[in-house]
Structures are given as C-alpha cells and as structure tokens.
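Both complexes below contain chain A, partnered by chain B and then by chain C.
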Partner chain A sequence: MKPGVGIFGFTGCAGCQLEILNLEDILLDLPSVVDIINFRMAKSENLDGPLDISFVEGSIMKYQVGELKKIRKNSKILVAIGSCACYGGVQYLQNFIEKPWKIVYNDKKMKYASPDTKSLSSYVKVDYSLPGCPIDKEEFVDFLKSVLLGRKPKMKSYPICVECKLRENDCLLEKGTICLGPVTVAGCNSKCPNNNYACEGCRGPVEEANISSQAELMKEKGIDPVDLIRRFRMFTSGAKEFQEAKA
Partner chain B sequence: MFRKIKKENIVKIVEKLMKDYDVVAPVRNEKRFVFEKIKNPEKIVLDYDSTILPPKKFLLPSPEIMIRFDNDKITIPENNKKTIFFGIHPCDMNAINLLDKVEYDEYKDDYYIKKRENSVFVCVDCTKANEYCFCESMGSDKPEGYDVLLTDIGDYYFVETGSRKGEELVENGFFENVDKNEKIERKKNCKRKMNIENFDKILKQKFDDKIWEQLGDKCLGCGSCSFVCPTCYCYSVKDIVDLSLKKGERRRVWDSCLLVDFAKVAGGHNFREKRSARVKQRMYHKELYFFEKYNYSACVGCGRCIRECPVGIDVTDVISKIRGD
Partner chain C sequence: MKTITIDPITRLEGHGKISIFLDSKGDVENTYLQIPELRGFERFCQGRRAEEMPQITSRICGVCPVAHHFASTKALDDAFNVEPTSAAKKLRELMYCGYMTYDHILHFYYLAAPDFVVGPDAPPEKRNVLGVIEKAGLEIGKEVIKHRAYGQKITAILGGKATHPVCGLPGGVSKGLSMEEVKEIENMGKSCVEFAKFSLKLFDDIVLKNKNYVDLILSDPYTLKTYNMGLVDKNNKVNFYDGKIRVTDQQGKEFLKFDVKDYYKNIAEHVEEWSYIKFPYLKGIGWKGFKDGKESGIYRVGPLGRLNAADGMSTPLADKEYKKMYETLEGRPVNSTLAFHWARLIELLYAAERTMELIKDAEITSKNIRNPVGEPGEGFGVIEAARGTLIHHYKLDKNGLIDKANLIVATTNNAGAINMSIRDAAKDVIKKGKINDGLLNMVEMAFRAYDPCFACATHTLPGGMPLEVSIYDSNKKLYRSIKRL
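On to the complex of A and B.
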C-alpha cells in the first residue's frame, strides 16, 4: 500500500508548497509512490485523512490551532516544512516589537489585533523539521525516500560551511563580508555563498550553534550590536538560540 | 636526470600531455587559486601561493561513487583515466606521501590506490609562501616522491626527475639538456614557524590543559580546517536512491572530527560530546597519534587550516602556547 501524504499550508507565503510543485522532473512520478490525499494548492479533491505523513507549511495563528490539531490527529508523522513552520518565520519578529502594527499603519484605527503567530511545535508534536525559506526541494525528496524505505530520516547536524567548503568557494568571511554560514544548518547546498552572497541564516541554527563565538567574530568585522541581533533574528527569530543571543 | 624547460614552453608541453592525460593544475579563482582539470593550458599559474582545497580533491574526491546498484546488480565504476598533477607544491606532495601510508599500508583503499597508480606528479618548488605556511618547520618543504620537479630559475624551470615515469615524461624536444649539474639553491621562504621539538612528549602532558576548553568555546564546529587539510582523509558513506528505491549509488563524502555527530554511534551516544574534545582530537591526531604510528607528524605545514578558520584557531599558535613560549 502506498503511504498517504498530505501537504498543508498555514500562515506564510506558500513558497514551500510551491517548491514541491517545482519538482518538475519527478512530479508526475510521485503519485506512483505515494497517495496524495490532501494538497489544496495542487488538486481540488482533498480528504482529511488518514495520513501517513503530513507536511505542514506556515506559522500558526491562534484561530488556526484547531485545524493544526486535526491534522496532527490524522497523521502518523508530522513534518514542519519551511522556517515559518519550524520557527515562526520572519513574521515572528513582531514578538520583539511593541505595537508592531504602528510601524505600518501609524495611528490608523486597527480593526484586528496583531496576529499572534508561532511555530507548529508551540502547539503540537512535530516529528521532523525541514527548515529553509523556502525548503530545499532535493532535501524534501531525500526525506520522503527515507520514510518510504522505512529508514529513520537523517537530519543534518553540520553547518552551511561544510557544503560551501566542498564547493571550494572563496570564504566570504575571509573577504570581510559577514556570513552566517557557520551557525546555520546545511541542506541548501550553500546556495547563497555559491553565488557570492553571504548566508543570511534562512534555515535557522545548526545543532550546537556557537552563537557567542559567531557574535564575537561579527563584532570584529565591525557590525554594531543592534544590527548583530537583527542579523541573527531575520528569518528564525523564534529559534531559542537567537532569542537568547547577546551582542 | 636533470634538464631545463623554457617557461614559455610550459603551455606547449601541457597541450601535448593533454592528449594522453587529464591534466590537473592550479588556476586562478577570484583572488585565490584552485586545482582544476585543465581545458585551457594558458590558465595555469605556476607561481601561486596555495590552493583552497588540496590535491586530495582528485585522489579522494567527495563525493566518490563506490558502487552503483540496480536491484541485485552491483557494479563498481571504472576509471582508468591517467592524470598528471602539474604544479603541485612540495608540501602537498609530502601530504600525498603521508596519505599513501594510510591508504596503502593500513587500509588498502582500492579507490585511492587506483587513482594514485594512474597519476604522475610534476611538482613545482614553491616561491610564494603566504603568511600562513610553515612547511619548513615540518620538514615538508623538501620535495620527495615526485616524478618530475620544476624549480624556477628565471626564464627557465630547472627539471629534475624522481622516477621512471618522470624520465619518460621529459624525453622530448621541450626539455633541454643542461651542461653541468648546476646545483639549485632552494630559497627558504616561510615566515611562520612551529617548534616541533619533543612534540609528542609535550602533547601527552597537556591533554587536560585548559587551553582545550578555551578553543572549544571559540570553535564554530564548521569543519573547514579538516576539509582543506591535505592529510585529513575521514569520510562517511551514504546511499542515494531514485524514486523506485531499488536503483542508485553508494557515495562516500568527506567527514570531519570537528562536526557534532562524527563520534556519534547507533543509539545516540556521542564519544566526543564536547567541542573542546573535537578541537583537541584533530590536533592530537595530526601531531601525536599519527606520529606514534608512522613516525611522522600528519601536518605538512601548508597553513590552509589557519587561513580557513573563521575564528583564527591556529595550530602554530596553539602549540607555542602549550609549550609556554
């Protein structure tokens, strides 16, 4: 029996779901190995479950919690995909600002309170996380294959620098640019440094990320303390490591 | 055998060699240099300082396909292409001599051995040590194990051969006879030094020194130091399958003792739980354990790990600190 898969989206740009659709070379082969039970972005007939694996994108606002819990109940394995689902995403930043809506709307009267938005794991048990903004589609396929083979998926525990060094890129840090590669979990094949653009940490912290040493390094390169914290928090401010980061 | 070759003839000789060999040589990459399989010999730069990755990127490539499988059918990829490493420095040649000890004597790694036997090494003596190199301290500035050695003598390279392969290579019109056996003065050019006297004894005493904790606090665990090291050879193995789940390949990729899960075993126990233990492991393996086994330090002083470490962890500095210099 083919495993049943659901792909869901909550608060986010839907870019991670789109990445799955961008798997053009193998997209039409996927239904031969899995039953796509629910994927609203791609098909019109969708069932709630039962699901062997659900991939859930987006951060969660209060009113979405019930929906998320339903998915959890219907799924054997629940996977957070993308940095919104894993860490709350860019939108989590509002938690660090008082009255964030004021920045945009000034004193205009607001009909809604600022949305309270959080990662999936704030509300339900998450079995695996595939971070990234967006996810890396190859990593998504590798993950799927591991599950199909009945193997425990191996999550990467090394930083971007590993992928970068193997490509023999001229290190941006050495060239004086601030790069978050050393504290960011690998999995994107160092896309940004490969193109001479510093890693901005969209995939979130690597296991045992040495934040204080990275902060020292950034200060040596001349970053001011406010910017330093901002850099760390841009994509995954919901990550504990970056919440606790000190300049 | 001694010869000489005009510098302008280097491009011509490489063009000729390219008919029978893959030629790997240093070329410019932005501000630095890398070894590359040469398509255009004009791009070769022989007066380079150092490359980002060492020649092991061809001898122990990452990834290396170990087997291909299709259901029950298994094949080992064949590669009989002959390669000439053209313009590698003595430190890198000495690093290959050290890798030989591991890959021939200890493990008999057929993938390495095959490539090694199909290779010819044309070394070029180094003229441009950068601020990180300290090969002279390690004794690896003396070229050994080469097939051909080139030394810059102005408009010419002075040519020495070290093997039959090398002698065959210089048997052609591009290499001119030299009248008398001019003795070449090798210039010393390293600025950095490391005192390796009684190395083993001192390291043994300093196993519990507080310096390891300090380095552990600093290290980012990025693994760069070992990926760029010409004598680091650790790898891990993984299977890559297609969607049929029956067909694919087994690859080995470089691994590093600096990475969090290098010493993690099934069940989740990590034998080197602390970052300080990982930093220490690399230095101890280079400078002590390898020495105890083979009577050589596994460091050739190429300086790559110093240059690449984002937080400036520097083996020469560490050793001088634990010596109390």
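On to the complex of A and C.
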C-alpha cells in the first residue's frame, strides 16, 4: 500500500503549496509512490484521512484551530511547511500591533474579529518542520524520500553561512549589510546571498544560534541596533530566539 | 464624493464567499462577494525600512510575488529619487516576462481550460487539468508543464528564486546576467513563443470553432460595459512593466491618461461593510453602486482591461492576434467577461516575444545595474500584475522608514466588476426560486475569468475553487447553501 499524503493550506500566500506543484517533472511521478488523499489546491475529490503524512502550510487563526486538530488526529506524521506554519510567518507581525483594521477602514465597523495568527505548534504536536519562505523544493523532495524509505529525516544543524561559503560567495556581512546567515538554519543553498541579497532569516534560527554574538558583530560594523531587531522580526518573528534578540 | 485615504488598506486573504439574496418572487435581488479574512500588510509595514518592502510585500501572494516585488521596487526608485540604469530596467522587465509566462499558463491551462476544453457541463471530477490532458493528449500536458517551468526558470535566473525573488533594489537590481544565462533564457524564450502560438491555435480550434462557446462568450450575463484600465507605452501599446495608466470608455475612446503619481486624483475606493475588500472607482465619475455603463465609475483591469485600454501590442505576432480578437468580437472594446481568457493568451504570446526582444538587447549583459540612491521621500510604483494594474504608494520619513503605505491590488480594482458579473450570472440561472444545477459552475465561470486572487488560497488549481454559495430568501433566511471544496 502506498502511503497516504495530504497537503493543506491555512493563512498564508499559498506559495509553499505552489512550490510542490512547481516540482514539474517529479510531480508526475509522485502518484506512483504516494497516494495523494487530500490536496485541495490540486484536485477536486479530497478525503479527510487516514493520512500517513500531512504537509501543512500557513499560520493558524483562531477559527482554524478545529480544522488543524482534525488534520492532526487523522495523520501519523504532521509536517509544518514554510515560515508561516513553522513560525507564524510575516503576518505574525500583526500580533505586535493593536487593532489594525481601525487604521485600514477609518473606524467603519467591520463585522469580523481581530486577526490572531500563530504557528502550528502553538496548537498541535508537529513532528517535523520544513521552514523557508517559501520551502525549498529539493529539501522537500529529500524529506519525502527519507520518509518513504523508512529513514528518519535528517534536519540541518548548521547555518546558511556553511552553504554560502561552499559556493564561495562574497561575504555580505563583511560588507556591513545585515545578513542573518550565521544564525539561520541551512537548507536553501543560500539562495539569497547567491543573488547578492542578504539573508533575511526566513528559515528561522539554527540550533543553538548565537544571537548575541551576531548582534555584537553587527554593532561593530556600525549597524543601528534598531535595524538589527527589525531584521530579526521579518518572516520568522514568531521564533522565540529571534523575538528575544536584544541589540 | 469619497476621497481616497493614504491610510493603509489591507491585502485580503481567504476563500471566496458568495451570498445571494432572493426577493419575494424568488428571483435574485442581490449578490455579495465577501472576503472575511485580513492579514494586515500595510499596517505592519509601518516603521519598516523601506528597502524591505519588495520582500515583505511579495509575501502577499505566492502566485504573483514578482508583481508585488517590482511594484514595490519601482515605488522605492521614486521614493529615493533615483532612476534605475537602463540595463537594470531591461533586466527587471525580462524577469517580469518570465513571471507573466508562468502565471498566464497556470491560469489558462489549469483554471480556465477545464470549462472550455472539457466543457462547462462536464461532471466536476472531469473538470480539472487532468481532464484537460485526457482530452488534449498527454504530449500537450507535458508541453504545458514544461513551458510553465520555463517561465519559472527565467524568473529564478534573475531573481534567485521564482517564488519571493530577491532582485529589485532602489535604483537597480542585485545581479546581472552571464553569457551562459543569456543563452539559456534565449532557448527557453524561443520555445515559449512557439508554445504561445500553439495555445492560441488550441483556443481557436476548441473554443472559437464551437458556436455554443462563442454564443456563451457573447451572451448577456457575461457582458459588462465598464471602463477599462491598463498601462500603455508612449505609442499606447500594452506594457506590463512601465508607462502611463490609461482608461478608455465604453466606446473604446481614451477617457483618462495619467501618471501613477496622480492615481489618487483619479481613483477612489468605496467601502462596503460586508466585505474586507474595497471597491475602487473612477473619481471623476463617482460611485453609483454596482452598475456598469458610462455613468458608473466602475472599471475593469487584467488581460481584457489592458487590451481594451490600449491601441495594440508592441510585438508583431501578438499585435496580429490582438487585431484578430477585435475583428472576431466586433470591435474595441470587447465587453465579454469570458474574452479575458482570449486576451490572456494574446498576452502570453506578447510576453514570449518581449522576452526575445530583451534577451537579444546588447545591454542585457551590462554590469551597470545600479544607480546610487538619493534622499528618502514619497514614492509611487505601478506595474501590470497578471490580474491587472497594481499600485504601491509609500511615504518615507527622513530616516528611510515607512511612514505610510497604500496598496491598490489588481484584484481589488476588479472587485466591483466581479461582484456584478457574479450577480448577472446568478440572475440568469436562478428564477422563481428554482435553482439550476449548473448554477455553481456558471457563477464560478463569471468569477474565474478575472483570475481573482483574493487570496492565493482561492487560486485553486484544477477543478473546484473553494467556494461557498449561500442563498437567502426574501426574509434573509438561509434558503440553501452549496459548498464546493
């Protein structure tokens, strides 16, 4: 029997689910190794379960908690995909702000409640996390292969800098830009620095990230501490380590 | 008259919800398209470094991140008083053509084609991309996937990644092109031109040669006589990346032509309490409710809006197809909502031809890709997203932080028209309380032609959109609810 897979989306931009559809050639082979039981974005007939693996994208708003719990109940393995599912995503920034709709709609009374958005693990047990904004397609495929072969998927325990150095990119940190490469978990093959763009930490903190030393280093380079905090609060402001960053 | 506020509006997220209200006779009185979620982008952008905006706003949408990325970058050029280098502009536009290619292929083949190729009355389980491949053949399916991937690859070569790219900087781009990359893009671009020609022929064979489809396209419930809007170049030809915003009237005559800096003099937004989406309209005409015609300020954007607002295409093959569409559908403007699909394919051809023009440009490998920025101020950026005109407007403080941000998103521009199209389609299928079984799909077809992106989540691929239709009787009591996931 092929393992049953579900791919779900909550609050986010749907980019991670799309990345799965963007697998192109591999996509056509997927049905020969897994049974896609539920993938609302890609097919019309979808079942609740049972599911061997669920990939869940997006952050969770309060009214979505029940739906998420149902998926958890029906799944052997639940995987959070993307920064929204892992850390609450860019919209987590909203949790730092009061009554956003007031400013938006000139106090006109709207029917809907205040948004409140959190990561999956705030509500259910998450077995694995594939972070990134969006997820890395290759990392997703590697992960799936491991699970299908019955191996325990290996999560990266080193920072982006390792990948970046291997590609012999010029160090953006040394040029004095706020690059979060040293504290961000690898797995994207340093896509942004490869394009001459500083790492924005979208994959979240690496194990034992030394945030304070990064802050020191940036200060030495003359970076405004407020800018540094701002950088930590971008796509993964829900990550505890980044949230607690002090400058 | 309502004036536009520079206060942040907010990008919407969530599934489409349509409420249909019946009168005492059981006929349709009104319909409401609601978007009940809010993510709050413009608000949490306040106080951010302006340079972060192309990254933050691209997260609004996983389907069209490139559009936000560059609308934002262009607003930054303006806000930092810097003109990008000529090579940088070309690199941006080249990357943009890659995005248009993959996005238009996605919409036509995955979302729209099931209705036309498989048929609007086919059972829902057949009305998806697999049904399309079944009918058109596996070889065609492979071509579709291949060329969508080409669009993505072109975007990724320049942007580092296709989804949420890192490329635009105020005054330029972060990276240039190598000779090998030029070769690679050229090969893909060539193939895309052929594929776009093939797609138009497919449309011709399957849709235009079928009288039933042509009748459907020209039928009343799918016709709206609104104003049209789109970016045009100096010759009034369609341009995705740059130009002036042009509005044409119901006769196809130029009604307005303005620089994005003047958008708030020309566009205002109407708020309805039942939806998070705002309804923009032409300020000079005014908000007259959900009505079409010369007296109502509602306008349409997107592929058909763009073609209607322009005098032609700047590339030869696409221009020929442009003329053919207007000859076939009895002159400009075309007011048939379903002609959005045809216009989209003409634009697919234009994107491919334009890719070839740009990649052959001697300047495309130039290393002069960025100009230094000036003092921070106010900035406006406009671009044609696949779904229509997209405007970013920022006010920066003296430290270069975002003081205020306002975004007018492509789908928002179409919100009024979409609401009307849904109403007209519903009126056609619901009579005396009798609900035709084809209701859901007929309503969906009206909705789908615009390629709405209320949320990327609503941007469902094959088959049904997550859509809930609730029908209420004259006492506002729920009469019937149909949900399709």
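Just so it is clear, the second predicted complex is superposed on the first by the 232 of 247 C-alpha atoms of A that agree within 3 Å, B and C clash if a C-alpha of one lies under 4 Å from a C-alpha of the other, contacts with A are read in each partner's own complex, and residues count from 1 in each chain.
In this section, a residue touches a chain if its C-beta (ideal position, glycine included) is under 8 Å from a C-beta of that chain, and two chains touch if they have at least 3 such contacts.
Keep in mind it's a predicted model, so treat the numbers as computed, not measured.
After alignment on the shared chain A, the placement of chain B and chain C results in a side-by-side fit free of clashes.
When both complexes are overlaid on chain A, the residue A:125 reaches neither chain B nor chain C. Touch criterion met: A:148 reaches chain B, while chain C stays clear of it. Touch criterion not met for A:246: it reaches neither chain B nor chain C.
Contacts of A:18 after superposition: chain C is touched, whereas chain B is not reached. Among chain B and chain C, the chain that touches a larger number of residues in chain A is C. Touch criterion met: A:33 reaches chain B, while chain C stays clear of it. When both complexes are overlaid on chain A, the residue A:159 reaches chain B alone and has no touch with chain C. When both complexes are overlaid on chain A, the residue A:61 reaches chain C alone and has no touch with chain B. Closest approach of chain B to chain C, taken over C-alpha atoms in the A-based superposition, is 12 Å.
Considering their complex, residues 29-32, 34, 52-53, 57, 62, 217-224, 227-228, 241, 243, 245, 253-254, 256, 259-261, 275, 307-308, 310-311 of chain B touch chain A. Taken in their complex, chain A has these residues touching chain B: 26, 29-30, 32-33, 141, 145, 148-149, 157-159, 161-162, 165-166, 168-171, 173-175, 181-183, 206-208, 210, 212-214, 216-217. On the chain C side of its complex with chain A, the touching residues are 5, 7-10, 13-14, 36-44, 48-49, 52, 55-56, 59-63, 65, 124-125, 127-128, 145-146, 148-149, 152, 159-164, 166-167, 174-175, 271, 273-274, 276, 455-457, 459-464, 466, 485. Chain A makes touch with chain C in their complex at residues 9, 11-19, 21-22, 24-25, 27-28, 40-46, 61, 89-91, 93-94, 96-97, 100-101, 103-106, 108-112, 115, 117, 133-134, 191-192, 194-197, 200, 227, 230, 234-235.
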